[in-house]
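In the two complexes below, subunit A is the common chain; its partner is subunit B in one and subunit C in the other.
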Partner chain A sequence: MSAESKPFGHSTRLPSLEKAAVWIVLVVLLLVAGLSSEAFFKLNYLTNLLRQAAPVGIAAVGVTFVMLLRGVDLSVGAVISMSAVLCALVMDGRPENLWLGIAASCVCGALIGLANGILVAHGKVSSFIMTLGMSIVVYGLVQVGSGGTARGIVSPGFREVVNSRIGGVLPVLVICLLFAVAIGIFLQSRTRFGRSVYLIGANPEAARLAGLPVNRVTVVAYAVSGLFAGLGGLALLARTGVSGTNPGAGMEFDVLAAVVLGGTTFAGGRGSVGGTFAGVMVLFIALNLANVAGLPFAAQLIIKGLIIIIASAAHSWIGAGSGGRKQE
Partner chain B sequence: MWTRAIAAMARQGLPRIYWALFTLVLIGMVTAPQFRTASNLANILEQSAVLAVLALGQAFVIAGGMIDLSVGQLVGLITVIACMMFEAFPSLSPLVIVGCIALAALVGLINGELINRLRMSPLILTFGMLSVLQGFIFMLTDRSVGQVAPAITFLSNGRVLGIPVSLVLVAVVGIAAYYALQRSIFGWHLLAMGNSSDSARKAGLNQFSLTRTAFLVSGLCAGIAGLLVAGRLGTGFPNAGIGLELDAIVAVVLGGTPLKGGRVSVIGILGAVLFLGTLSNLLNLMQVPAFAQIVVKGLIVIVAILADRPGRAARLA
Partner chain C sequence: MRQYLMHSIAAAMIGTFVTGTSMAQEMDLTKKETYDQIMTWANEPLDTSSYKKDGDLRIGLSAGYLSNAWINFTAQSVKYEASLHPEIKEVIVTDAAFNPTKQAADIEDLLTSGVDAILFWPVDEKAILPVLKKAHEKGVVTINIGYNFMRDPSVTSNAYVNQWTYSEQVATEFAESLNGKGKIFAMLPIAGSSAAVVQLAVLQEVLKGYPNIELISSEYGDWDRAKAKQLTENLLQRFPEIDGAFSPAGQMSMGIYEAFDEAGRLGELTLSPGDDYNGWTKLVTKEGKWGSVTSGLEVGRAATKQAVKILTGEPTTTAVVVPTRYLDPAEAAKLNEPDRADDWFKTDLPTEFLPQ
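After this line comes the complex of A and B, so read on.
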């Protein structure tokens, strides 16, 4: 896609290898993980890994669209927090409020994304700072709403159902993650919205001249990102069962790292939801590897950082030829 | 030299953030009687020093179209190391100061060098580095350690004739940054790289050297900021730097430097830092609850960025 739309780009030679880069990194990392601990190849362990990755993974699907448009969404961490806290507050431990809580979180997530989108598209301002400001606002609102303590109780059944394993093997949460990824892939490759995102991201000016509704697509992309972050918050709430006060703190950077590891660049127009999924897996295997090795928390942080750096370096090395520095 | 600099500044006019700052100061003067006391104003300047130094360092990186997310944790690391060393070797404090700043500069240099050699996105590399540095901090300690040397306390909290000593430090760093970014060949080249990495390369600029230097300066400033934080806290608090990198980026952008780089205003950045400092001071004086303060701060960032936009040229990022 990007090869045709960027005639002066460099990726014409090996587009397939570039796209496969993150998967190669993933396989290598899995092999390393498998060598270091046999547990990694057990189905239970892998599904557990996916369960852990679900909140970040679901949010990352939405952020992929924003980044394809040369934007970035730093508010997802705060939206994840908002979604989890709001849902628990609305549910209030009563079974009849189950769907109300879920709906409230989704709607609020999408509305925050919508606000981001409108401000970025029509305000023509840096999405980095705009969504950073939004994340501060949302974080503050969450604190005001929760009063600084963990309030709200999830409805009975919510946690049990989402955490159960179908047939004793496949956790429902993993299905949710895969479903979110499937929706993302569908949006990306089968809808007019998805195609517009790639074209606008590759060259906004040309897309505008060609008559594409640049602003509308941008607004929709941010709304999608907000909605998926809201769903990610629900996944987090279901996994942990308590809302806390700021459960999504710092997750925006995990999401961002996963998307970039997955091959979506800040230059826009290149990348895919599938790649993002692989990026999420790379990130979480890295975290688990440090965990399994029994390293202290401090060492885990160092290893996480190093693996992000090494995986990203390996990725751009494999994808060399598409090369050059992506410094935008 | 001085007159030319001031003339150039007058031509360009004051960055727009100063209007917001003046408005805020005016509101403060009218509504809060404690606001206009000399000691409160000195307080604001003192509290803003850390962010000012950090933002000026970040300006080098952002001017070149890059970003450095690792500075917050670097501040934390330097704070912890400095306080541990000050306690262990009380007689060698000048050496410790130099060592800490050199260490921070080295981390910046490593950032730049890795970006060059691995051809990586600065955002991802420095994000990885953020995690690595945080790991190092927690390897050293998980609670507040050590104590700070009197010299650093004086630098952070001292006042001579009512004027904060840290203000002098910020002025020195600011003037140096102004000449490096807006009055030197290096600054021209860095801004050219920020404007268009491709054109800069074709024009034969040494991007590797520019990148390296920009990150070196960013690390250096984080080192100075780390010492200032140590002086303010009096002890090495491992979480001291959390989130500072984002504050610094916000200050740089509010000061009229776009994240894409290619344009920079040191005066604007200092104005933005003062604006943020005055804002939180005023909110405190007005006894706005802490959580509501967060909301107000976020809204102000959004409003300020909308008000400061160029207002032409469609761009998405």
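After this line comes the complex of A and C, so read on.
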């Protein structure tokens, strides 16, 4: 199958049960959630759930490309933190600095991703070690730059606009998330970069022998991941402001969980941005379900974990049943 | 799953600072009598004669971590107070970055460098007890700083903020502001941390006097504004009626406030007093209600003064207790610095000692 003849990310069996697995899981989970609390059938609640998911969801779009290439990006949590703290610092409470702050966060996120990509592609450093190390470096830089307190002040209007609802219904942050997903799907399905990601992820050696620019695509994928993490930081800043220097701590695990739930495997070459979006939804419904059900905290932990495991396993079984590959 | 790893570790460490998860002498943190006992110990005279030093003094500050605004201000306060004592020639600061093993090594290094006193806030008290014992045997003064109290021969003194009293002031003012009735939830720090245990115990104790206030849910927001907001959003879906939220930490109160605001239910919200966090005092100023309880930010300076007293052989007590105080909204508003970030505390530190 040539890159030009068929769009990648789409099986020859369209639409396959494997591709639909995460969506089936999502629908079933939503029905179960709705039976336990009618809140899950309310538009306002669902849009609010999407709004909660925006920082993780936006970052997960970028990480999907890295994982399609058999890589991993553990630096996204640190980049989200850096982006939020840096943006507020640059904005400094001044309206004229609004776009400068946004640009600074995006550029820094992309540059960190670029550095990850260059060292993974050309330095042959393991993506796990590289991005883990980078997350520590970024965390340290944020501490040095901020002096241990999140001293920035968001420009007036930024949070008010991004955190508002259009027509009192649709949150702007949800539009941002859907826009990020749309861009990701476009990159994945309609660009040479996206097609190359699938080919390289499926078989890097074959792709190299076929003359694909493996290193360049790898560098770009990590830069995209850094950029989307930067945007995720902006979403976090808009949603809650910053009250510490590490507001994105731990988010890399939510991001990875969502991407894997969405069907993108560590084996590379399989998965999609659309699946990642569904994975984000599954993750956040699981988180909210346990909370809304009013279970004691310890029981919530057990239920949340079980839902994630069961959802992932169900996805894998459905995929395998349709002739697909089990999740790694 | 959310934020269970790095973030939970960080939050747990903050929790350790605020009350400590383990004590050198095990104590029941859910009983008021424990705190009465601590106050009795604190007022016992301390024999400083064996620690008296002549000449210049060197102070070591072993920070369990520095990546938190309150902690940062405390560390800067130690440095500032030291600058006011000409006999102190040097302050050496180490940062364990939440790593108990590193903190033990840091304290070893401070001993090697010949400090006369070590001020510390522990990542894990048990992990550093052996090296504190070594310090004690060398005649080095050791002072524990924070909301926890360490009762152990290897700990010379404590600079202490009473968590029970602090939480009691918050809970009592909150119950009064509800006129003694309504459905409330509690937004607590990380589950299992002693801060969460103490705050919930105090709230339940205070509520015994207000039978018409119903605690409908206890949530754990990990001192995180975003998480507090998300949890509150869920509670707002679950409960058609919520009259108030008990949240002693200002940054989490801000998340609660935003969730109510975005749900269009701000009118039904009564918040407990928060602390003196700048973001919170901004909110108190804007709303003109709810107030603050001071968080004992002076504890860093108090610890340094205590070190000087002990090292110069002045009479003092086993611990120095930094009081907390309820500030009504008008008083709390005076703590607000509108041109500063949310993540800030009003302080009398000179500019050169502010966190940079």
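Assume the second predicted complex is superposed on the first by the 300 of 328 C-alpha atoms of A that agree within 3 Å, B and C clash if a C-alpha of one lies under 4 Å from a C-alpha of the other, contacts with A are read in each partner's own complex, and residues count from 1 in each chain.
In this text, a residue touches a chain if its C-beta (ideal position, glycine included) is under 8 Å from a C-beta of that chain, and two chains touch if they have at least 3 such contacts.
For clarity, every value in this text was computed on a predicted model and none was experimentally measured.
By the document's definition of touching, of the two partners only subunit B reaches A:141; subunit C does not.
In the superposed model, A:26 makes contact with neither subunit B nor subunit C.
After overlaying the two complexes on the shared chain, residue contacts for A:318 are found with neither subunit B nor subunit C. When the two complexes are overlaid on their common chain A, residue A:119 makes contact with subunit B while staying clear of subunit C. Of the two partner chains, subunit C is the only one touched by A:283; subunit B is not. Set against each other, subunit B and subunit C differ in how many residues of subunit A they touch, and the higher count belongs to B. Legend: residue contacts after superposition of the two complexes on their common chain; A:253 is shown touching both subunit B and subunit C. Contacts of A:69 after superposition on the shared chain: subunit B is touched, whereas subunit C is not.
Of the two partner chains, both subunit B and subunit C are touched by A:308.
When the two structures are aligned on the shared chain, A:199 is found in touch with neither subunit B nor subunit C. In the superposition on chain A, the residues of subunit A contacting both subunit B and subunit C are 143, 148, 253, 257, 297-298, 304-305, 308.
Taken in their complex, subunit B has these residues touching subunit A: 65-66, 69, 114-115, 118-125, 127-139, 197, 207, 246, 249-250, 253, 258-260, 289, 291-299, 301-302, 305-306, 309-311, 313-317. Across the complex, subunit A meets subunit B through its residues 69-72, 119-121, 123-130, 132-141, 143-144, 148, 200, 204-205, 208, 214, 218, 253, 256-257, 260-261, 265-266, 268, 296-309, 312-313, 316-317, 320, 323-328. The touching residues of subunit A, when paired with subunit C in their complex, are 37, 39, 42, 45, 48, 52, 77, 88, 93, 143, 147-153, 163, 236, 239-247, 249-251, 253-254, 257, 283, 287-288, 291-292, 294, 297-298, 304-305, 308. Here subunit C touches subunit A in the complex through residues 1-8, 10, 66-69, 71-73, 191, 217-220, 224-226, 229-231, 233-235, 237-238, 251, 254-255, 258, 262, 277, 279, 339-344, 355-356, going by the rule given at the top.
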